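Okay, so chain A shows up in both of these, paired with chain B first and chain C after.
Showing the complex of A and B:
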């Protein structure tokens, strides 16, 4: 059992997870899902929501008993070896999440913001800032996320408001014109990108409030946001979005109101903040995992070590344009997500049910 | 705890400002020229692109300029095997970096449009420095270089600013339509749609040439297909429901020469498949107009009968214009700037799958039924008799 655990409200926590996941949406690269017409992207959102909800069922059951433990504590009660193996898997998924985020952000920044700059240096600075945030604790990160959420929401609403008159309903394609297979596959492949489910499993001891309700609102909110964003992207840009590496950014480029132009700069600032929050919380989670994997004795040292590992990987990443294609191949996140979000929680739940044991009581 | 949260917020704020601009590539004012307009032609003799740039020298505008030189646009003409190379070749002449972000307009000459946009347009989609909201125009009957260098009649000292305003004037007169890079790419990506861009021509006044809006250029498969004049452009815009404002002038009406201002216009298009398997589009145009001018008679007040006759004349006129434009585009040019194919795709994907491969052959057989309903809302400061 952990003493002096930082507590945050479920609202703050799921706002943090919302912003963390939103970065993936905003830097999504749709051309990689060939064969889909534009409206199919929109249709894939509720399908993704359904798949995500189904895959989160073990997490819902884990949260059902309002405990002061996280998944690794419960794994360790089954067996210390199982606890360590699980901790290793969670470290792997969070490390993968950080590396992928850095690669994505690198691609975005060097394609759009700083093309002539060796961005590796900036990435190191960002990850050092994230390391500092992780050291400060989850409460600080969560409260900072509320500040970012207000800024992000305000900018997003401003962009939406200004482009509404540019919507042309003729831009929408017929649904499933090329069949539904690619759409369903796209939705299925998007689910493992939601590594935040693993964050929920690791953070239950920090939460004050109804975790299941918060999670349900988070999944719904995420889907509503994606649907609204895609609706506007398709309605305003139509088939143009197929030619763009970052179509969400293009929406911001065409938004202008009155004398205010180049609104994409403001939106880009808030996206960078989402990167910061995502990496910070993942580093914090790695710390909790390492405590189980190695020793509870150290805390911030694990954050420091993880930062070094991620920095080294970032520096060693192939700088060529196609390298991100290897990172975002579906198989790696699929395996990690299946193990961390589904298999491990199911093992814990089945064990507890069979043994008739409630390990920690609220 | 408050200190920790404050620290986080400070980090967030600093990120907002530090990571959204250029650092290593930041340039001083005297190291840049600001491009205002880019004109692109194909020089067949040299087998190269000819790029004419109107630019603004920031160092002269800052007040610290040499010899108190008056602010004037500069024109630079360069050549290159690609447009990007041609633009970078400006550094050989100026010694400074060209900045794209304030570019107001991209002008394509006939030579580029007739050859096809494939080679000449990719840079404006791919290059991170260009913006997808930049308007694109076609130089009609002249080279892009001539249009970029034409004198400005507008309020701004910079012709590019006037060119941009001319292109945007479609919102006022509905005789042209602003098309941005994004919109052009979107139209080119659609399988059955013919893209269009506003056309600018030049009129001679004394020794100078001045830019003037002259309808739109229609592109088929990204190549110039033909032009629509101003009235035909307005008719096209009314079919695609893009009329915001403008005037209609009747040379012969029940009350003589009359000009009416469009206060509102809405178009609804319905699609049907006729019993013999042809496509039919029913175009219902509903407009509200205000009478602004007619012949100055002794008795200025109009009778209700005259107003009704005027209404009928306007309806006939608009219908005639729209029918003529539809015929010109669908039969003569065999192109579809009205997005009829897109509409078919949305409403009847099965039928679209059958015909989309031969859309050019289907177009002349498309039946159209134009219905115009006009309301003369106001007749100005004179009353009704």
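Showing the complex of A and C:
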């Protein structure tokens, strides 16, 4: 029944995805990339945008052919077994996304927010809050994201405004001084971190408006934001950026706004809201996947079980796990991303082209 | 779990005793004694139920009415006397009955009844019911005349330049107050009875040319499906009209003012007047309406906008400020300017409690005083104020139990929370929650709680109009009358109906 599907506008949806992806950018760790000159980070942004656009082409075609049903409905039309396998892969990518986000946030928090403090309790509180938000539905999360977006934008503009006078153009080094290989690799590694493409594929039936246009604006917006952020980070911190675990945070630390001594607390707060939105939407997506994988009956139970699993993993996880994962196993997100954002949509598109299938009902 | 609670609630609202009398059993009999016996059996010896026996040209009859519910003079002068003094009545009971119905009593409205239960019900609504021996029907004369409160100033919804009329308890007077303001044939009133025992009249009001028919059907279905035993105020049916999901804020608007109520009807909303209560309800209701008042439209746009911004800031201040203060005091002292930090620190060092506990205690005491002030007799009001202000406020600081900055925070918060009194209840609870979250998790906990609150508010959508509209989702056309209030020229260009808010 189409009538029961929650509908949200594409603007709200892509604002949500923007905030979800932005958290990765804000907690980016340049030392992990190694060997890059600071200006090369800035160059890697458009390259990342290009790679992201290429990898999103199947999603564009999916949105062009049909927006009444999500990827799993269309997979199930090919074969119920294929639908279940696909659902399993999407559950895997979203669970991976949540765990990675929590690990990344844990690392950020234990090194920056509450050093020398056991932060696990707070992480569990965040996961529980996300669970409640996921139960309330995608409509509520997307509407909430607009509020967060306004807060985030306000804080970001305030930070940018206050650090503009501290930019030193001598901090910009010549590009590709050590060759272009690392820069391209950096851009390439960033693409699988954009799990939000899988969210787009899973949410097409919820969207009102032009999905392809929204996606295009989203990719452009992400790149512009990253470019502006990196420009300021390089301009203000220079080579110091390479030694910083979280340079975006350093930017907030040096910012002073009005009577407030520093605005890092406020900026960090908006980042936490980004984490909240990211995990909430991923939990909601897991629920949708589990409906295909098991049964449509216990929708909120899936969110609850996923929350328990994520909480247990987060509780057991070492804050260093994120960096370990990033250094040793970059192949995991790459495989998951390739399957969920490229291979499965391609299979669906090819099948529909061959069979001449045009319209689906979810 | 939720299902369990819902079922428990439904059970608790279920009628205590459903009428077990069949239509056949309650049919009016030919024999007057049988009818009398039935009524006496059902009503017992209730002293307010009067059964006055009369002789109508040699045939027995009786009047059934409820003392206090009908006008005694009207009953005597316009109903009983004309019947008793009637001449040239036919001899047979049926002929007499028809003559009385058609020509004898012409001053009051008459309704013919065939059911004793309906007859008793009408007698309790102020009708006088006339039974005649040998006739299996009865006549109900409309002679209602109970005491009602006269229309006066609304107590809870004060406007500086608005009307001085407020709703009263009797629904018919309220209907008149509305009709006087909306003299259009599109204004419709529909009556539904709710409550097996109370049989309370619920008047559904709407403008037929503006209402969303789907929403109208939805609310009617909700009322029909409700199984209440007693409905004594509009608050009883508010949960019935509210959102199905658990939410902190209510999706049902409440007003005591007929002018506000009419304005809502003009926006395509559906109103409910509950007999016996001066507070009318309306749906769909959105959050931004809490910050609007009729005075906004009586003042210059820039001032109205200023007042709106003031209200929004006060709302945020009223539940966030104590939490922020506690979190800054416990975790983020660096956010205070140095001089202020030293002042606060020196004051807080004098008190034996942690800052979070101190905030909770003072707010708790404030809530006790507020509740006492609300319920107590007016005569002892000043005494409570003196105790609150002098004993608790001044003495607590002097004794070193509370810090002065904390008292200032509480005072500012309390005043702010009364700027938008209609949402005081959720704000009071949120204030406590944010103090606890701020004290345990700091600023970061507060933002998580805030995110959850916004998500919760966004989920309220019982009639297809999001509670957070027109802000979330943003409706640019509505922006001119939400936080801003533009001039009449722009406002009157196009009427924005409620149903458009979901676009």
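Just so we're on the same page, the second predicted complex is superposed on the first by the 342 of 362 C-alpha atoms of A that agree within 3 Å, B and C clash if a C-alpha of one lies under 4 Å from a C-alpha of the other, contacts with A are read in each partner's own complex, and residues count from 1 in each chain.
Simple rule for what comes next: a residue touches a chain if its C-beta (ideal position, glycine included) is under 8 Å from a C-beta of that chain, and two chains touch if they have at least 3 such contacts.
Fair warning: this is a prediction, and the values are worked out from it, not measured in the lab.
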item	value
Combined model on chain A where chain B meets chain C, clash or fit	clash
Touched partner set for A:171, first chain B, second chain C, both or neither	first
Partner chain in contact with A:254 - chain B first, chain C second, else both or neither	first
Which of chain B and chain C A:12 touches, first, second, both or neither	second
Partner, of chain C and chain B, that touches more residues belonging to chain A	B
Partner chain(s) touched by A:240 [first = chain B, second = chain C, both, neither]	first
Partner chain(s) touched by A:265 [first = chain B, second = chain C, both, neither]	both
Contacts of A:136 with chain B and chain C, given as first, second, both or neither	both
Steric overlap of chain C with chain B in the superposed model, located at which of 1-9, 55-63, 127-135 or 451-459	451-459
Shared contact residues on chain A - chain B and chain C	113, 122, 126, 129, 132-133, 136-137, 139-141, 143-144, 147-148, 262, 265, 268-270, 272-273, 276
Complex contact set, residues of chain A against chain B	109, 111-118, 122, 126, 129, 132-133, 136-137, 139-141, 143-144, 147-148, 170-174, 177, 237-240, 242-243, 250, 253-254, 256, 262, 265, 268-270, 272-273, 276
Residues of chain B touching chain A in the complex	1, 4-5, 7-9, 11-12, 15-17, 19-25, 101, 125, 128, 131-133, 180, 182-183, 185-186, 189-190, 339, 342-343, 345-346, 349, 352
Residues of chain A that touch chain C when the two form their complex	8-9, 12, 113, 122, 125-126, 129, 132-133, 136-137, 139-141, 143-144, 146-148, 259-262, 265-266, 268-270, 272-273, 276-277, 280
In the complex, chain C residues that touch chain A	245, 332, 334-337, 441, 443-452, 454-456, 458-459, 461, 466, 468, 472-474
